[in-house]
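Consider the two complexes below, in which chain A is the common component and chain B and chain C are the respective partners.
Presenting the complex of A and B:
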């Protein structure tokens, strides 16, 4: 949406292709509560952006549509779009911005023994967001407010065994943000974050991490959890407190798995259709190095946001702006290919 | 390097505590020594060894610690091994080097794939070359070299168990003919009294099934997988070449073995030496045939099952032994809390079988002792196993933990045999 808005603001026409029946992507479909680091409500921000995009005469929104074929070169691409009814249409375009995003890691693939599909009270960041956006936080099994909650970091990220070797970038911040929200909603509840390294770069350090620890008394413990078992109706969390070098077996009411990012189905599928290189995990490969944050292996095709790898909100929005500028540049001067 | 800095100890001249006189050095307290150097020479030496590079990958998450069976009875786990190496403690002369059973539960959960199954044998190989081997392990190596088995039993007696089998067993060197199944008996089923019970039970079951099978008799030698993992790669390669030559003399359609360690060797290691066999663990061979047996009686036992590390985690087979247990009439089966992928180790793998006293001196409890307690906790009266190391390990552990009479240990083949007669 941000890239389309950027292109339109530069005065160019843009076709926005969306697979879902509503614009907003994963933050919308997964009912995110509030943005990290921006604390505004996700539903409010998305509603106003959506309205702006849909009412802009330069933006042609195609919902429930997908790219099914693609040919041509920068300045004169032909994209075949197919809608849910099966009707296809060929659209001429000078350039393309990929913004197909990510999907959450499925904890069923976790190599640890976390029992996401076994224990009701083992949930993910996404499940927690859903509860928090509804203004509550309870034990799913009982509907009662929890007395102790913990987050387990790096679930499905930084893991050679699982095959996701990257850091998902946002989970440390999102967990800390959710921890704050839980402490606000359930002040009697103790909240722990079990981590390998807290990756709170820039202002995330003081505005989320320190805030969680100092103002909201969230407890950060270094050492990750190996297994979760149910004991007397609660969850026994077993791991190692690595700074103490001691095993830990602590009881929790809710365990939140900090699941990371993986390329979305759209990201995986669109790469081969467009003919752009994908890095080994399936994200769209950025080929321009540090000085080109949106360029792909094909001139005239750009990428914005988590389609290119784990990205936070600020990165995604910045990339959308950069991609919009470069896409419009090609539309105006087809000889320019980057 | 001195571990105590002068002036950093504290001592009360006169002190009494709960009526006890602890004056002077009896109450001496040591203050923590400041780390003034991180001696990385051990880590550098370890990671320079081919196969041991990944010790240097550890990022200290600690996931391996609760997964490590040895950490439950000591202060161990790959995370700690890495950290100790990083602080300069010499792994090559440390008892830590010999405590790992190569059970692979750490690798299962390790996000960085720090591979102790590769690290431990590689580092041990260097220690062996440097002459730093616990004497009892050295004895097992010598026995293997001299007699073809770690127990030190005479090679010519390897097939003596056959005499009391109560069923015909073809000994191929005596009766040269092609067979469908070449059964690799392995050392503990050949020599250990309880192992021989299982071998005989197998012979009777094979007869009941009408399987055309034979054994190598005195020509069979240890497959040597555990010797390899304990650091004697040279011995492994030498004996393996001999076994490959022996197997080459006979015609068979498939190789079946009693021992998950031998299964691992034939499946994953012998091919590296150019010898590939269609190989199965005996539970894999027998499980699909169970339906054709005519059972004579129901066994009224409440049983639980212990997964061998080298059948389960190392080779992915969890179902075959369970399928056999399910087919034996009458058994009530209870799963232990730690099972399948997360199964606890008996302590016998990776050379642990021959380091019993050594390990006992450096841990609070034997892994087998911990495991039998877990088995008893399920309410089962019988622990069913399918690895030749385990019957004797667990029977000893039942006694040493004072649980005599509370838990029987049986190989699954013994139960099949019992229900057939």
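Presenting the complex of A and C:
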């Protein structure tokens, strides 16, 4: 949406292709509560952005549609779009912005040790976000407020065994933010975050991480969790506190797994159709070097956001603006140089 | 330069105001060797970018100049530029992009414990970068290759005592990159990095951090350094290894202080002239919320890069593109809506 409104703000036409029945991507489909450094509700921010995009006469929104074929070169691409009814149409376009995003790591896949599909009270950042956006935080198994909650960081990230070697970049920030929200909603509940490195870069350091510790008494423990088992109806979390150098056994009511990012199905599928290079996990590969954050292996095709790898909201919004600028520059380039 | 060429690529004119005698900013003035995830030499990348910018007929480069007065509103600003000879000129412009960047923290200021001005072999990331860009790495006191080098992270960052509460975002990546370069240049030299959290987000995790450990045998130690003293012509580094939970005393030939970011003098000074809000450290304040990464408190004035806080190169380049897009959108907006 940000790339589309950027392009339109420069006076160019955009066709915005969306697989779902509504614009808003993962923050909408996964019912995010709030963004990490913004106190507004995600649903409000998305609603006003959606309205702005949908009412813009230069933006042609195609819901429940997907790209099914593609040919041509920069300045004169032909994109075949197919909607849910099976109707196809060929659209001429000068350039393309890929904004197909990510999906959350499925913690049942190869990390059985955390018992996500086994224990009702082991949830993910996304499940927690859904509760928080409804203004509550309870033990899923009982519906009661929890007395103790912990977050386990790097689930599906920084992990060669499962094939996701990268850091997913946003989970430390999201966990800290959710930890604050839980402390606000359930003041009696103790909240712990078990981490390897707290990657609270830039202003996240004091505006979220310090705030979580100093104002909200969230406990951050550098440690490794090796096993979660059920005991007397609660969850026994076993591992090692690596700062204190001792084994750790703590009882929790809810365990939140900080699941990382993987390329979405859309990101995996759009690459071969567009003919752009993808890195080994399936993210769209950035090939332009240090001074180009949105260029793909095909001139005229750009990428914005987590389709290009783990990106936070700032990255995604800035990349959308940069991609919009480059997409329009190609559309306006005199034909002789195309 | 990236914002200027973005604006020009959309067909709009730009006046690019530079205080120094040459374009390139801190990477140029501080003689950076290489960018964190790009193997090209910084000087080569800057030279080709500079040439492209200077030869663009839409970009009017004003070297050794500064903004001295400013008035008007979005779409019709009047900026007074004054050059080194004292000649002033008023330029009409629709919008402004602030790209005045950062300066490196001065490790003599209030962190005497590291002995930067006392011991010749205590240097900063910037001093190290300068040696590396000349293709060497030696003990400054002797000119000989070192046998042991350590990096101390978070010097001037995450530190309430000195007033810089934020994390400077790039130092972990830069230190790891320099550590690899030192190991390549001086294979017999042991290299250590003492850190609080290694903030190697996204693809930095495996492409630099794992690479440094696995391919280049750089030793990362979670620890706190409390004191550096000279002993037998070498440096005795004292502190605590917080993972092993024991005191640490190691002898080094060179200690590299990973100095963080502070707003540059240009950033501090340009804020009041333009009338834009600055956060408490002097960085330009971003006021647009989650869906706007370049908007300041004044409509029509945008910011790109580390003038807005600790930013990595990707942030800076993406923000430059987004700011270019927004700056041009204002220039092209019909006058009636201005």
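Here is the rule we go by: the second predicted complex is superposed on the first by the 331 of 338 C-alpha atoms of A that agree within 3 Å, B and C clash if a C-alpha of one lies under 4 Å from a C-alpha of the other, contacts with A are read in each partner's own complex, and residues count from 1 in each chain.
Methods note: a contact is a pair of C-beta atoms (placed from the backbone, for glycine too) under 8 Å apart; a residue touches a chain by one contact, two chains touch by 3 or more.
Computed from a prediction, not measured in an experiment: that's the story for all the values here.
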A:87 touches, of chain B and chain C: first, second, both or neither? neither
Which of chain B and chain C A:310 touches, first, second, both or neither: second
Touched partner set for A:290, first chain B, second chain C, both or neither: second
Winner by number of chain A residues touched, once chain B and chain C are compared: C
Touched partner set for A:238, first chain B, second chain C, both or neither: first
First (chain B), second (chain C), both or neither touched by A:158: both
Which of chain B and chain C A:167 touches, first, second, both or neither: second
First (chain B), second (chain C), both or neither touched by A:319: second
Chain B versus chain C as contact partner of A:55, first or second or both or neither: neither
On chain A, positions contacted by chain B and by chain C: 158, 197, 242, 245
Contact set on chain A toward chain B in their complex: 111-113, 154, 158-162, 196-197, 223-227, 229, 238-242, 245, 247
Partner chain A, residues of chain C touching it in the complex: 2, 6, 9-11, 35, 37-38, 40, 45, 49, 157-158, 165-169, 197-206, 210, 222, 242-245, 289-294, 309-311, 313-315, 317-326, 328-329, 332
Chain A-facing residues of chain B, complex: 59-67, 71, 75, 77, 79-80, 108-113, 337, 342
